[in-house]
Every structure is written in C-alpha cells, then in structure tokens.
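What follows is a group of structures, each given as structure tokens.
Look at the two complexes coming up: subunit A is in both, with subunit B in one and subunit C in the other.
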Partner chain A sequence: MVFNSFIFLIFLAIVLIAYYRLPRRYRNLFLLLCNYLFYIYFDVRFASLLLAITVIDYFLAEKIQAFSSYKGKKRILIIGLITNLLALGIFKYFNFFMDSFVSMISIFGFHLSYKALELILPLGISFYIFQSLTYLFAIYLEQIEEKYTLLEFAVFVSFFPTISAGPIERASNLLPQIRQPRSFSSSHIREGFILITAGMFRKVIIGDTAGKIVDHVFAQPQYFASLEIIMGILLFAVQIYNDFAGYSSIAKGVAKLLGFEIMDNFRQPYLSRSILEFWRRWHISLSNWLKDYVFKPLQFKFRDYDHWGNIISLLLTFTLCGLWHGARWTFIIWGFLHGFYMSFSLLTANLRRTIRQKLVRSESLKKYSQISITFFLVTFSWIFFKAESFGNASVIFERLFHWTSSELTLRIVIIMASYSLASIFIDFIEIKFQSQAFLLCFSKPVRTAIILTCWTTIFLYLFTYEKSPFLYTRF
Partner chain B sequence: MISEKLKSVILKELKLDEFDIRDDTTADQVPGWDSLSHLSIIIAIERNYGIRFKGYEILKCKNVGDLQRLIDSKFP
Partner chain C sequence: MKTSKRNLKSFIIFSLTMISGLLTVEIFLRLTEISLPSYVYDDPKLGRTFRPNAKIFRADAEGFCISQVNKYGYLGKPYDREKNRDSLRICLVGDSFVEGMQVFDRNHFRTILENELKQGLNRNVEVLNFGIGGIDFRVMYFIYSQRILEFNPDIVLFFVKDDDFLSADVLPAPEIIVRDNELAIDYSFLNNAESKLRRTFKIVRNFSLGNLSKEAFEQFYLGRFWKIVLDKMNFLLAKGQKQEPIHQPQDRENDRYFGVNTKIIRQLDIDANKHGTRNIIIKVNSWPSYYSDILSREKIMVFDLESELAHYINDEIYFKAFEEFGHWNYFGHRIVADYLAKSILLLYDQDKNCQKE
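Up next is the complex of A and B:
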C-alpha cells in the first residue's frame, strides 16, 4: 500500500491504536507483524526474500562478532557483502548486464542468445539490503557493542515506514530505539501528523501535479518546442524533489507516531552553493551510506595517488550511485556526471577561489551565483535521470541545442512560477523555523486552519486524480 | 589527551590558525574537515609519524581521541 492512499491511512490508524494499547513487551513483535503485513500487501512472493536476507545477515553478524582477529571478521563481512549484493544483482541487474554484454560482444561479431529472467523487482530491495548491511558494517567496525535479538534486527530491516523508499537508516541509530520502550506521547503524535501533512502536500499537490506535465513532455519531446522542453526539465526538478522529500517527510512522520526518530533525508538541496553541498542535502541517507562504505574505503586504498586517488574514488562512487537507482545506462551517465562535477570542482578549487576573489566582491552576488550555477548543473543532469533511454535523451538535447521558437506564453510563466514558488516557499519556511514540522511554531488556530486546508486539498486530489506512485519506490 | 604534534598536523592541513581540538572532537565540528580533506589529514599523519594505517583502523575512529590512541598504538 502506498503512503498516498486511503488504505494506508486506515492501516496506520489501526496499527497505532493497537500498538499503544498493547503491553510494551509485545510492541516489537506486533511491529514486526505490521511490517510484514505492509510488505505482503505489495507482493507476498518477496516476503520470503526479505526474511531470508534478515536471517542470513543476523547470523553473519554473529559470526563477525565471534572472531577476534580482523582477518576473520573481514572474511565474513565479504561473504555478507557478496550474498546481499548477489541478491540485489540478480533481481535488479541480471537482464541489464546480460543485454549490455550481448550488445558489446556483438560489436566483435559474436552473437549470444540467452533467456532473460522474468524477474519483478522486489519492493524496497535496494533500500532494505543497504539498511541491513549497515548492521554488518557496524559490527565489523565495532560501532555496535550490544547484542541485539533476531526479533529486534528483523524489525529494523523490515521497518515499514522506511522499507519502500528509505531513508536508509543506520543500525546504530534505529536498533537502540527498537530496544527502548516507547510510550505514548501526544507531542510525538502531533509532530508526526504535521510531518505527514507536509509530506503529503509536497507529494500530492506539488509533485504529482507537476509530474503530469513532465510525463507529457518527456514521453514525446519531439512534439514540444525548446521553451516547453526547458519547462519540462525544470518541472522535473521540482517534481522529483517534492515527490521524494514528501515521501521522506511522511516516513519520518509515521516513524514519529510510533515513537521513533529517523534521519532527515533532505535539507533544501536546491539552495546548495556547490555540488559537494548538494550531496550533503540531497538523499542524505544514501549519500552518507556511499560516502562511509564505498568512497572512504576507495579513497583510502588509492591514497598514494594524491588528487587522482580522490578522483578515481569519486567517479567510481557516483557511477555506483547512478547504477543503484536503476538498471539503465542513463542512470549510470547521471551518476558519472555528478562524479565528474565533483572531480572538476576538486581539481579547480584554488583557481575558482582566485577568480571569485578577483571578480566577485559582493557576498550576496557570490552566494546567489553559486546557487544558480549549482542548480543549473543539477537540473542538466536530471535530463539523463528522467530520460528512459539514450534516444529519449538525445531528442531532448536536440530540442535544446537546435532552438525551436514558441511563444513565451503567460501560461508557461504561471506554471513555472507557481510550482517553483510553492516548493521554494516551503523550503524557506523550513529554514526559518529550522524544522520540517514548522507548523508546530504557529498558533493553534492558524495551524488548524492550515492543516484542514491542506488535507481538504489533498483528499480532493486523491479522489479526483489517479494515484501516482512515489518515484523512488521503483528503485 | 591530544598531542601538540597531532593538533599541529591537523591545523596545518586544514589551514587553520587555531582550533580547540579535544579527545571527543569529531570531524564535522572542525571547519574544513570534510571527506575530501580527511584523507589529506590521514596522509599527513602517516608522513609526519612515519607510520602506515590499515583501512579498518581509520574507519573505526569516531573522534580525534580514537585517532590519537591509534597513533600511540603504532609506537608500543
């Protein structure tokens, strides 16, 4: 069941009532049952895969803990990585790698036929496998010293607020909370409800409605003029941010209702002044995971190569980031492009600082030009992220670079302005009040009026329009 | 207790004149200490002390105190 559905709202209400009525000692077991019920509702077939990964990783972690030497620990960690990534690789990437391999060898005149596996991508596999691996890494690096039960670990891996599209939580953050008794708190309920409201507004009102125009433009870009293509790309930037940030806000709110504190996944990323800062503000849980478990080990391994070691590590990490998003060459290009941006930034840091000091005196001009350039670079890369294929992307580029004129109609301006301003407005309010649950800072009558208006609009949209899935649940 | 030698290596790499570095200081608390400058600090420490770290040793360090204890362990 998706978050933006009536069935989920009913499920959540029932879960909450039962959860807080149960004695504390049964809450984790009940939560585990709810996690699997949530998962089975999507697809019962893959619940067994989720269970298998959970049990395997739990016992591998026990083995890692049992070894006193790091050689032994490392051997078991490698077994764990191979097992998890193999599961991910088979379900997500097998057909993609086979297709690419067959295409590559056909260039040399070899022809290979194979039977593509008819595999459906299990829900949340990219998320829960990465989440489960944080436990193996934490045990290996001795960041967790307590012994957790299989029940506690199973609740962690299958945690329903985060299983379908993150945030990818850390074992060291969530497991202690699972172990702690959780009491009913009216402030948690209030804050959780507000986070869900904010998330639903972002997703349903901004993300979904922008998405209808975006899908139209990207489906058949050859029929749109250049300005309309630009509008489509900019709206995609608005759509993907509000869709995913909205989801993350709902996930945080649902977790809060259950008494859990999970991490923020977004911090106003389009106000970043550099690509490095963008990745500290966008999909924070994934970028931190890749930084800690991919980039830092690679960077350390290549440390004798000075700057080039950093560059190789950046390119590999970001290419992997692209691949994580999906089995498509356009995702890989998107990831590699961000690696290139970061590498270029690293190599030219001193030169750019010198140029800025000579040419730009005003701090405001410096700040807004950095934000604009970063936004441009990120939005340019979204073309690859959204395009279904190279063919689709090339049509977009052809429309951009061979200008076809059309009228800058008031309609286009209004569409762009309204979606962008709505998104920027929410970001600025979050910054001003230093919280996604900024409605808590308003007086009760104002807060109630805003919440009622939001939910009325949200329900109207849900009743009227076909539900759009959250973009990141397909990863 | 963080040695003056370690403090000076860190400050020099981050081009800082002064910063109060303690046992429980973490990278995110020190201006300019990000994932890119982190490696240059580690390399500078290896060079200054004439030691070589293993990957998991560095990944295990949670704060500067852990780093100091790791360095001390290389000189039994």
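Up next is the complex of A and C:
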C-alpha cells in the first residue's frame, strides 16, 4: 500500500490504535504482522524473498558472532554479501546484464539467444537488502554487541515506514529502538502528524503534479519545443526531490507515531554549494551507506595511488550508485557523471579557489553562483536519470541544442518559476526553523489552520486524480 | 471571561490563517496550472460552451496539452466571423476526438491540416475547431446551426462515431428534436438534476480550488467514493454490485434517435444549398448500416476515416489510457490530418475538372 492513499491512512489509524492498546511485550510481534501486511498489500509474492533474506541474514550474523577468529568472521560476511547481492542481481539485474552481454558479443558477430527471466521486481528490494546488510557489517565490525532476537531483526528488515523507499536505516540505530519499550507520547504524535502532512503536501501537490508534465515531455520529446523540454527537465528536478523528500518525511512521521526516531534523508540538497555537499544532503542514508561500505574500502585498496586512488574510488562508487538505482545504462551514466563531477572538483579544487578569490569578491555572489552551478550540474544529470534510453536522451539534447520557440513561453516560464519557488519556499522555512516539522513552531490556531488547508487540498487531489507511486519505490 | 476572550482570539487567528492558506493554495494552483478555473460553462442558450480566453491545461494518462480558448469561444487560432473572400474556411465539429486536448495545438490535426491545405491549394486556409467533449450528433448540429454558420464556413466537417448517432448526449444541453415535422430546439435540460448541479457549481468553478472541489465531488456523484477510499479492499463493499452493460441499439426500430438524426441529415443537405457550404460527414468508426443508406440517399458527402485508420494498429495511433485505448495520439493526429488534406485536395481537383469540362 502506498503512503499517498486513503487505504494507507485507514491502515495507519487502525495500527496506531491497536499498537498503543496492546501490552508492550506484544508490540514487536504486532508490528511485524503490520509490516508484512503492508508489504503483501502490494503483491503477496514479494513476502517470500523478504522472509528468506531475513532468516538467512539473521543466522549468518549469528555465525559471525559465534566465530572468534577474524578469518572465520570475514568468510561468513562474504557468504552473506554474495547471498544478498545474488538475490538482488537475479531479481533486479539478470535480464539487464544478459541483454547487454548479448548485444556486446553481437558486435563481434556472435549471435546468442537466451530466455529472459520473467521476474517481477520485488518492491523495495534494494532498500531492505542494503538495510539488512548493515546488520551483517555491524556485527562483523563489532558495532553491535547485543544479541537480538529473530523477531526484532525481522521487524528491523521489514519496518513498514521505510521498507519501500528508505531511508536505509542502520542496524545500530534502529535495532536498539526496537528492543526498547515504547510508550505513547502526544508530542511524538503531534510531530509525526506534522511530518506526514508536510510530506504528503510535497509528494501529492508538488511532486505528483509536476510529474504529470515531466512524464509526457520525456516520453515523446520530439513533439516539444526547446523551452518545454527545459520545463520538463526542471520540473523533474522538482518532482524527484519533492517525491522522495516527501516520502522520507512521511516515513519519518509514521515512525515517529510508532515511537521510533529514524534518520533524516534530505537536508535541502538543491541549496548545496558543491556536488560533494549535495551528496551530503541528498539521499543521505544511501550516500552514507556507499561511503562506509564501498568508497572507504575502495579508497583503502587504492591508497598507494594518491589522488588517482580517490578518483578511481569515486568513479566506481558513483557508477555503482547509478546501477543501484536501476538496471539501465542511463542510470549508470547518471552515476558516472556524478563520479566525474566529484573527481573533477577534487582535481581542480586549488585552481577553482584561486579563480574565485581573484574574480568574485562578494561572499553572497560567490555563494549563489556556487549554488547555481551545482544545481545546473545536478539537473543536467537528471536527464540521464529520467530518460528511458540513450535514444530518448539524445532527442532531448537535440531539442535543447536546436532551439525551437514555443507559443506558450510566458505560461511555461510562470509554471517553472511557481514550482521552483514553492519548493524553495519549503526548504527556506525548514532552514529558518531548523526542522522538517517546522509547523510545531507556530501557535496552535495557525498550525491547525495550515494543516487543515494542506489536507483539504491533498484530499481533493487524491479524490480527483489517480495516485502516482513514489519514484524511489521502483528501485 | 479571560478564557472566552482567548478562544475568540484563537478563532480569529485560525480563520484568518485558513483564509490566507486557501488563498495561497488558490494562487499556487493557478500559477502552476495544476487546476485552473473551468474553461467551460453551462450557457442556458448554448449548453456546455467554452469560456472565451480561458486557459486550458490538461496532463493525464492520455496526453498533455497547454492551450487557450480563443476570444470567439472556439479552439485554435482566432479567426474573425467575417471571412476573407480569398480564404478557404473549414470548421470542424465533433466530440473529444476533435477537441483534441491530448496534444498541443501545433500537433493537433487542425493545425497540420491547415498547413497542408495552404501548401496544396496555394491559398489562405483557416481551420476553426468547434469540437467539444461529450457531444453527440444532435448537439453537433445544434453547434453548427447556432454557432458555426455565423463564421461563414466553406466546408464543415462533422466527425461522427457510432455512439454519436445512437446514444443520448451525457451533457445537459439544448436538444434538437422533431416538432411538427420540423427540427426544433428543446430547452428542457434546464430542469434536469445535472443541469441544476452544474448551475450550483457555477461560481465555484471560477476558482481553481473550486474547480478541483467540483471534480472531486463528481467522483462522489459518479459513485466512485468507496473505490477510491478502499482501493483493493473495495471488494468488501462491491459484493453483489454488478454494473449493467450499456445497451446500444443496433437496429432501426429500437434507435430512438433515428428519426431526428435522419431529419438532421436531410437538413444538412438543405442548409448546404442555402448557405453555400459543403457539409461533410467524417466516418470515424462503424455506424449501423441503415445510417449509411440514409447518407447515400441524401447525397451527403462522407469521408471514410475509419478505413484509413484501419491500416494502423491501435498502439500506433491512440494514446493508451490505463488499460484501454483513448484518443488519437501525435501520430494519430498526423494520420487524420493527412487523410483529410488528401480528401479535400481531391475534392478541389474534381471541382476544377468539372469547371473545365
């Protein structure tokens, strides 16, 4: 069930009432049942893989804990990694790699045929596998010393607020909370509800509506004028941010209602002054995961190559990051592009600093120019992220570089500006009040009126139009 | 006393914030065009009519269109009522296929046809789009007689599908009926429930938020409330509720509109001679054969678009809306325009040959 649906709101209300009425010792068991109910609502077949991964990882972690030798622990960790990545590989990447392989060897005149696997991609597979792996890593690195039960671990892996699109929680953060007794707190309920309201507004009113335009522009770019293509690209930047930040905010809010504190996944990323900063503020849980478990080990491996070691590690990490998002070459290009941006900024850091010092004296001008350049680079890379194929992306570039005017210029500029301003406005308020639950800072009548206005609009929209799935649930 | 003062203050702050919040949402909806004030209104004389100069924005499963009703209240380029003598003026009338709010005007067959005819005939051509969603053949005739003729067309193209002949129009609109063996207009629609409901929403629909509310209410009105709320769990309530299939009569005896449709077809022939227009019916899909017989008897020209479209598979020419095929897509519009241009050019060639002979 998706967050932006009435059925989810009904489900959440029932879960909350039952959850807080139950004796504490039954709450985890009840939560596990709710997690699976939430998950099988999408498709009952998805649950078996989730269950298998949970059981396998739990027992592998037990094994790691049982071994006293470093070698033994490492061997089990590798088995765990292979098992998890194999599951991910088969369900998510098998057909992609086979297709690519067959196309590649056909260049050399060999013609192979294979039967594509007719597999459905289990929802949130990339998220829960990465989340489950954090437990294996934490046990291996001895960050977790306590022994958790299978029930607690199963609640952690299938935690319904985060299972479909993250944040990818760390075992060291969530498992202790699962073990702790949780009691009803009206301040948690208030904050959780505000986070859900803000997230729903972002997702339904900003993200989904922008997405309607984006989908059409990217589906058949050949029919649109250059400015309309720019609108499609810019609105995709708005859509993906509000869709995903909206999801994360709802997830955080739902977790809060249940008495859990999960990590922030976004911190106004489009206001970053560099790509490095962007990745510290965008999809924070994934970038931290990749930093800790991919980049750092790679950096260690290539430590003798100085600067170039960092660059190779960056390029590999970001290419993997692209692949994590989906089995498509355009995702890989998107990831590689970010790796390239980071490497380029690393190589030219000194030169850029000198130029900046000589050319730009004003601090605010420097700040805004850096934000603009970063935003431009990120938005440019979204073209590959959104385009279904190279062909599609090349038509977009062709339309951009051979300028064609639109008879609707003013309206398109107004639409672009309005979406961007709305998105920036929410970011601005979040920064000003230093909280995503900024409505808590207002007086009760103001807060109630704003919440009521938001929900009126959200309900009207949900009633009128088909609900769109969250973009990141596809990954 | 103190508490009641505090409560009053809270209430005033709440109300003011609520009003400002709704205003902000209204502005946001208008600027982003997520929801605009309605571009149609229910005119007591003309029925469902486009609001002149209203903005149009549609982006749904089927297509995407940003457009505007012109100052004369039809779609496409605004052409004045008075026609330049050297120009060829073509008026299109039909339902949502002709309205074509799935593509931008530049990709609509209206524009493509206009450009192709300009090139082919080497003269100025003006194509005016009077298409409006949800109308049937009788409403098409109503629009023709009440609005299109004012614009002095040379050719009027009526885009007719099977259900345009067979079914009653779903919109509350003036109805063409036969009274004393003559065509007449019946305004009884003004008393029906839907018409009253629409009039209730008249002011509300001038606001973006109001129009959104009206659309949401429509879902409720159409009985979709529980389906939307309960999603997959709707089966709990939907048990036993079977939707009756809509019965379309395919025989002349049961076709309650056959009489009036026949009369309209005859009248089109009379009007063509009277106003010097060429009225052509575009066969969009299969009609019952008895309509073809009437049309051939009355010497009304028919362009068989259906046969042309049959060369293509559905995927090529229609947008896919969810699991079903919807309106013409970009390629579909191109095919329709090419076919119409070819047919009209052929017609003018034949005319030239006749004149020579």
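The criterion applied here is as follows: the second predicted complex is superposed on the first by the 473 of 475 C-alpha atoms of A that agree within 3 Å, B and C clash if a C-alpha of one lies under 4 Å from a C-alpha of the other, contacts with A are read in each partner's own complex, and residues count from 1 in each chain.
As a convention for this text, a contact is a pair of C-beta atoms (placed from the backbone, for glycine too) under 8 Å apart; a residue touches a chain by one contact, two chains touch by 3 or more.
From a predicted model like this one, the values you see are computed outputs, not experimental measurements.
In the overlay built on the shared chain, the residue A:L276 is in contact with subunit B alone; subunit C does not reach it. Shared-chain residue A:Y41: touches subunit C; no touch with subunit B.
Once the two structures are overlaid, the count of subunit A residues touched is higher for C than for its counterpart among subunit B and subunit C. Once the two complexes are overlaid on the shared chain, A:P23 sits clear of subunit B and of subunit C alike. Shared-chain residue A:Y140: touches subunit B; no touch with subunit C. Of the two partner chains placed by the overlay, only subunit B lies in contact with A:F295; subunit C stays clear of it. In the superposed pair of complexes, A:G391 makes contact with neither subunit B nor subunit C.
Once chain A of one complex is fitted onto chain A of the other, the partner contacts of A:G109 are absent, as it touches neither subunit B nor subunit C. Put simply, subunit A uses no single residue to touch subunit B in one complex and subunit C in the other. Interface residues of subunit C, counted against subunit A in their complex, comprise 10-11, 13-15, 17-18, 21-22, 24-25, 28, 31-34, 55, 59-61, 63-64, 66, 103-107, 209, 212-213, 215-216, 219-220, 228-233, 330. Taken in their complex, subunit A has these residues touching subunit B: 70, 74, 140-143, 276, 291-292, 295-297, 299-301, 303, 309-310, 346.
Residues 1, 5-7, 10, 41, 205, 209-210, 212-213, 216-217, 220, 223-224, 407-408, 411-412, 414-415, 417-419, 422, 443-446, 448-450, 452-454, 456-457, 459-466 of subunit A touch subunit C in their complex. Only residues 34-36, 38-39, 42-43, 54-56, 58-60, 62 of subunit B touch subunit A when the two sit together in their complex.
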